[in-house]
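Each of the two complexes below includes chain A, the first together with chain B, the second together with chain C.
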Partner chain A sequence: MDESTLLSIQNLEVNFYTQRGVVRAVRDISFDIKKGETLALVGESGCGKSVTAHSINQLIPMPPGKIDAGKIFFEGRDLLTLSEREIRKLRGQRISMIFQEPMTSLNPVFKVGDQIADVFLTHQNITKKEAWDRALKLLELVKIPAPESRIDSYPHQLSGGMRQRVMIAMALASPEPGLMIADEPTTALDVTIQAQILDLLADLKQEISMSVLLITHDMGVVAETADRVVVMYAGRKVEEANVNDIFEKPSHPYTLGLLNSLPSNEKYRGAKRLEAIDGTVPDLLTIGDWCPFENRCSFAIDECRNSFPEGTSIGEGHTTWCHRVEEVIKKRNNA
Partner chain B sequence: MERSADRLPPMGKQLDVPDEPTFLQESIHQLRRNKAAIAGLLVIALFLFVGIFAPVISPHNPLEQTISMRKAPPFTEGYLLGTDSLGRDMLSRLIYGARISMIIGVVSVGIALFFGLLIGVVSGYYGGWFDKLVMRIIDIMLAFPYVLLTIVIVAILGASLTNAMIAIGISQVPRYVRLVRASVLAEKESDYVTAERSIGASNFELMFGSILPNCLAPISVQATLGVGEAILSSAALSFLGLGAQPPTPEWGLMIASSREFITSAWWIVTLPGIATLFAVLGFNLFGDGLRDILDPKLRD
Partner chain C sequence: MENLLEVKNLKTHFTLPTKKIGAPKPVLKAVDDVSFNVHRGEVLGVVGESGCGKSTLGRTVLRLENKTSGEVHYEGRDIFELDKAEIKHLRTQAQMVFQDPYSSLNPRKKINSLLSQPLRIHTDLSAAERTEKIDSIMEEIGLNPRYKNRFPHQFSGGQRQRIGIARALTLDPEFIICDEAVSALDVSVQAQILNLLLDLQDRHHFTYLFIAHDLGVVEFVSTRIMVMYLGKVVEFAQKEELVAHHAHPYTKTLFAAFPTTDPHARETKKRVVMGDVPSPISPPAGCHFHPRCPHAMDICSKEYPEMREISPGHFAACHLLK
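And then the complex of A and B:
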C-alpha cells in the first residue's frame, strides 16, 4: 500500500445471522480511497453499500451482523483488529459520518451548539467556552445564516437543509478530519438544497483536504461530486472506474442499465419512455455464488449461472466483473 | 467550484432571525396556558413554603399539650383550627405535618428514581440476560399489591418514618424501571444515537447523556405523580402504625389516633385528611401539566 492511500478495504465479507437464515450483505468487496479523493459507492437500496460503509467505523449492529472476513486498513492500521476503545477514538476524530435523515439524526433535546461542542469535548481537552466558539466557527464554515443565533436553536427549529449543514459541521468537528463517510447525504432533501449541500461538501473538501466516501443511488450526485466510482450490486462489486469512464465507457450490464434509466440521459430528448431494469434484486438469503445480476441481464449465458467472474481490466483504473464484457462493450459502442 | 458561494443565500445580516426564547422562558410560556398545572404548582408551592418555614409560622409547638383546651373546635381564640384530644394545636400540627409529608414524598421518589433510572436505562440499553433477569424480578415485585409490598418491606426493616420512606421508594422502583426501559428501547434505535456513536460517544455517554434526556418527559410526569402517591402511602403506613410513631405530627398518624372522635370532634380527623387530599391533588395536577411543558417535541 503506498503513501497516498488513506483507506483500503480488502476482501470484506459481512453477513447478518438472522432467524430466517444468513443474509450475505457484503461479499468480497475491495477498494482504496486516496487522500483527498471522493469515492462514490453506487447501487440500489439493499445492495450493501451502507453496510460496507458502516463496517469501516464498525457501526453495524453486531449481532446480528458479523464481519466474517477481510481487512480494513486506515492509515496502515487494520481497523478490524482494534479494540472498541481505539475505534471510538477514531470515530469523530479521523472518521466521521453524515447521515441520510437530517430530520432525525440530531438529538432533539439539545441545542445544536451543544451537540457540535460535545464532539470537541469528547476528543479534546478544551474548555466549554472554547468548544462553543469553535462550534460557532463551524456553523459559519457550513454557511448557516445568522450562526450566532442559530447556535442556540433546537433541531426542530431548523429546516432539513439547515440540519444537514449542522450534521456536516458535527462531522467536521475534529482537529484533523481524515475520512468523511456521507451516507446518502442529500436523499432526504429537495433538489435545490441538494445542490447547495453538494457544493458545500466539494468546497469543504478543498478547504480541509479530507477524503469522502459518498454513498448514493443517484447518478446525478455521482457525476457532480465523485472522483472514482464503485458500482455495487447485491453485495458484490461489479464495476470500478474513474467518474468519467463510468459515464462514458460503462462496461457492466448493470452500470449500463443504471445509466439508461436516468431521465437526464440524452436519448430521452425525444418523448421516449424511461427504460427500467427488468426484474428484481435476488434475495440475499438464498443467493448463490454465481453472478447476482444473471437473472436480470440480457447478456446472460450459462456461464453466468455457474460462477462469479474474475475482474477484467479495461483501462487505467477501470475494472469490471462480467463474463460477457466484450459483448457489452461492443453493444455499447454500437448504440 | 467558485459558483457554489453565489448560489447560497446571503449570509447573516439581511436575514432577520429573531432571538430564540430560552428554555425557561419557553417553559413559563407553556405553563401559563395550563390553568390546572398552575393550580397544582401553587398548591405545591404553598405546602413547600409551609413545610420549610414551619417553625416560623406555626402559632404553637405542635407537641405542646394544653389539657384545659382539649378538643376545642375551630375558630376558638388562639386556636384557629381547634385542638386535638390532648389539647395540641391542630394548625401547628398540620403545618409540621406538611414538612414531614414533603420530605417523605421527595425522599421516597428520589430513592425510587435513582434505582429505577439506573436499572431501567442499563436494562433497556444492553438487553440480553441482564434485561431478562431484571424484568423477571420486576414482574415478581409487581405481582404483590403495592401496599402489601410496602408493608412487607417495612415489616422486615422495622416500623419507623425512615424505613417507611425506604419501603415506599423500593415499592415504586418497578414502575420507573418499566417506564425507563420502554422509553430507552424506543429511543436507542433512533438515528441520533447512531450519529452520536459515529462521533465517538461511549456507551455511558449514550445511555445517560443522550438517550436518558429524551426519556425525561414521561419520567418527570411519573415522578411528580409519584410524590403524591408517596405522601398517600406514608399516611396509610402511619395509619396502620407502620410509619411515623406518636407523637410525630404526621397526617396519617393524626387520622389514626383520632378516628374514635369522628362523630364528636370531626375536625381532628377531617383536617389532616383534607391536607393530604390537597397535597396529593396538587402533585397530580402539576404532574399532568408537566408532560406538555417538558417535551420540546410538543412545542411550536
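And then the complex of A and C:
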C-alpha cells in the first residue's frame, strides 16, 4: 500500500439479515483515502453510503447487519480483524465522527465542556483541569463566540450551528486526529449556517492535517468541499473521480442524471422542465447481480440486465462502471 | 395583471405561555406586517430560513391560522369575514401540499378513501362518478389507479408526495400552496415532482404560492420571489430581477451561502455570513438583520426600514437603499 494512503476499503460487502430477507446494502465497494484528503461519498437515501462509512469503525448494528466480505485497512492495519477493545481505542482517537443531528449525538444533561473533556479523559492520562483547558482551546478553534461562557452551556442552550461546532470540537479532541467521518454534517442546518460550518471544516483542514470522509446527498456541498468523489447507487460504486471531473465530465448515466436533477444547474436558466431520472430505486431485498440502474437508464441494453460491468478507466483517477460508457460520453459531449 | 390574492399589513402573532405568574407573556411575531399580491397564474416563491415565518404566512392566507391584524383578500373578498358556507367554498378553491407525505396522509386509510373524502364532503357526485374522478387524477399524477386500494406505507416517498398532490387536485382548485413540498425528497425524485407541479400548472392554469428554504428550487419554479427574514419581507421582485440584482444584504448573504455546483468557484467565493439567526421571540430592535449585516449603520439598530420600490416592481427594505 502507498505511504500516502490513510484508509483503504477493499471489496466491502455488507448485508442485513432481516425477517423479510437479506438486504444487500453494500456490494463490492473499494476506495482509498489519502492523508489530508476529503473524499465525498455521494448518493441518495438507501444507496449504502452511511453503511459503508459506519463499517469503518464498526458502528453498524450486528445483528442484523453483517460484514460478509472485504478488508478495511487503516494505516496498514485491517480494522475488521481488531478486537472490540482495540477498535474502541481507535474511535475518538484516530477515527472520529460527526452526525447530521447534533442534538441527538450530544448528551442533554452534561455541559458541553464536560462532554469534550470526557474524550480527553477517556483516551489520555491527564487531569480534569488539563482536559477542561483543552476543551476550551478546542471551542476557540471551532470559532464559538465567547467560549469561556459557552463551555458551561448545556446542548439545548445552543443553536443548531453551535451544536455542530461542539460536535466538531469533540471529533478533534485527540492529539493526532486522523480521519473524520462526517455523515451529512450540514443537512439539518439552514443554508447560511451550513456555509459557516463548511468554511470551518475547510479552515480546520488547513490547520490540522486530517482526512475527511464526507457523506452527503447534496452535490452543492460536494462541489464546495470535496477533493475526490465516489458516487454510489443501490449499494454499488458507479463512478469515482476527482471533484472537477465529476462535475465537468460525468460519465455514468446516474451521475449525469443526478447533476441534471439539480434545479440550480446553469442549463435550466429560463427553462420550464428538468431532465429528471424516471422511476424509482430498486428494492435491495430482491436486487439482482446486474447493473442496479438498468431500470431507470435511457442507455440500457440487454447486457446491462445480465451483468454488473467492470470498471472502465477514462482519465487519471477517473473510473466508471457502465457497459455503455462510450455512448454516455458521446451523448454528454454533444449536449 | 389580475390579483388572485391580496395581503395587506398581515400580522400573525402567537402568545406563548410563561412559567412566572404575572410576568408578561412573550409574543412570537411569526408574520409581522406583511403585504403582497399574488397574480392569477403565477408562481410566487417565498424563501427564507427556519423561523422566518414563511409557513405561518402560507397557513394564515388560507385561514388555517388566525390573523392578529391586517387583511387577506381572496378574489376580492376578505377571507376573515366569510361565513361558514363561504369558507367551505374557499376550501375547494385553495389547497395545500405539505412537506412530509409520511405525516400528512392518514396511515389507516386506503388511497381511495383519502382521495374520495374531499369529494364526499364538497360535491354531490355519485360513487361511480367519484371513482371515475379518482382514476383520472391518479393517471394524471403518474400513479396507476390499480394502487388505490393500498395504504400510504406501501408507497415510496416520491409516490406519497404524488398522492398528497392528487388530494389537493380532487376539488379542481385554482390556488395551491406548496409548503416545502419537495424538501423531504431525494434530488432525483424532487426533479420528478417539480416537473409534475409545473406540468399541472400548464394544464390547469393553477396559481402557486411556493414556500421553500432551497433557493435553487425556488429560483427554478417561481415567477416572482419574496425573501423573508424573522417575520418580515425584506425583498420582493421578479425572479430574473432578483437573481441578477438582489439588493438587500440578507438576500446577498443567502445567495452567497447557497452552494454552487462549480468546484472551481470555491477559491474565489466571498464569505459573507456572520453569526446565527436570532430568536424570533425577541428579534433585534430596528432592522432585524443588523447584527449580522456587514453594512450596518447607526440608524439600522433604531428604526425598521420601510419597504421601498428601488426599481419598477423590485421592493426592498433596507436603510442603505434610498
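Here are a few things to note about the model shown:
We adopt the following convention: the second predicted complex is superposed on the first by the 334 of 335 C-alpha atoms of A that agree within 3 Å, B and C clash if a C-alpha of one lies under 4 Å from a C-alpha of the other, contacts with A are read in each partner's own complex, and residues count from 1 in each chain.
Assume contacts are C-beta pairs under 8 Å (C-beta built on N, C-alpha and C of every residue); 3 or more make two chains touch, one makes a residue touch a chain.
For clarity, every value in this text was computed on a predicted model and none was experimentally measured.
Of the two partner chains placed by superposition, only chain B is touched by A:H123; chain C is not.
Shared-chain residue A:K34: touches no atom of chain B or chain C. Residue contacts after overlaying the shared chain place A:E101 against chain B, while chain C stays out of touching range.
In the superposition on chain A, contact is made by A:N57 with chain B only, not with chain C. By the touch criterion defined above, A:K331 reaches neither chain B nor chain C.
Once the two complexes are overlaid on the shared chain, A:K89 sits against chain B while remaining clear of chain C. Residue contacts after overlaying the shared chain place A:R273 against chain C, while chain B stays out of touching range. Of the two partner chains placed by the overlay, chain B and chain C both lie in contact with A:D199. In the superposition on chain A, the residues of chain A contacting both chain B and chain C are 145, 195-196, 199. Interface residues of chain B facing chain A in the complex, by the touch rule stated above, are 1, 3-5, 7-12, 15, 17-20, 190-192, 194-202, 205, 210, 213-214, 216, 296-297, 299-300.
Across the interface of their complex, chain A is touched by residues 49-50, 156-159, 186-192, 194-195, 198-199, 202, 213-217, 219-221, 253-254, 256-266, 271, 273, 275-277 of chain C.
Contact residues of chain A toward chain B in the complex are 57, 59, 88-93, 96-97, 99, 101, 104-110, 118-119, 122-123, 143, 145-147, 149-150, 152-154, 156-157, 167, 170-171, 173, 195-196, 199-200, 202-203, 206. Residues of chain A touching chain C in their complex: 44-45, 145, 159, 161-162, 190-196, 198-199, 217-221, 223-226, 243-244, 247, 257-265, 268, 271-278, 280-281.
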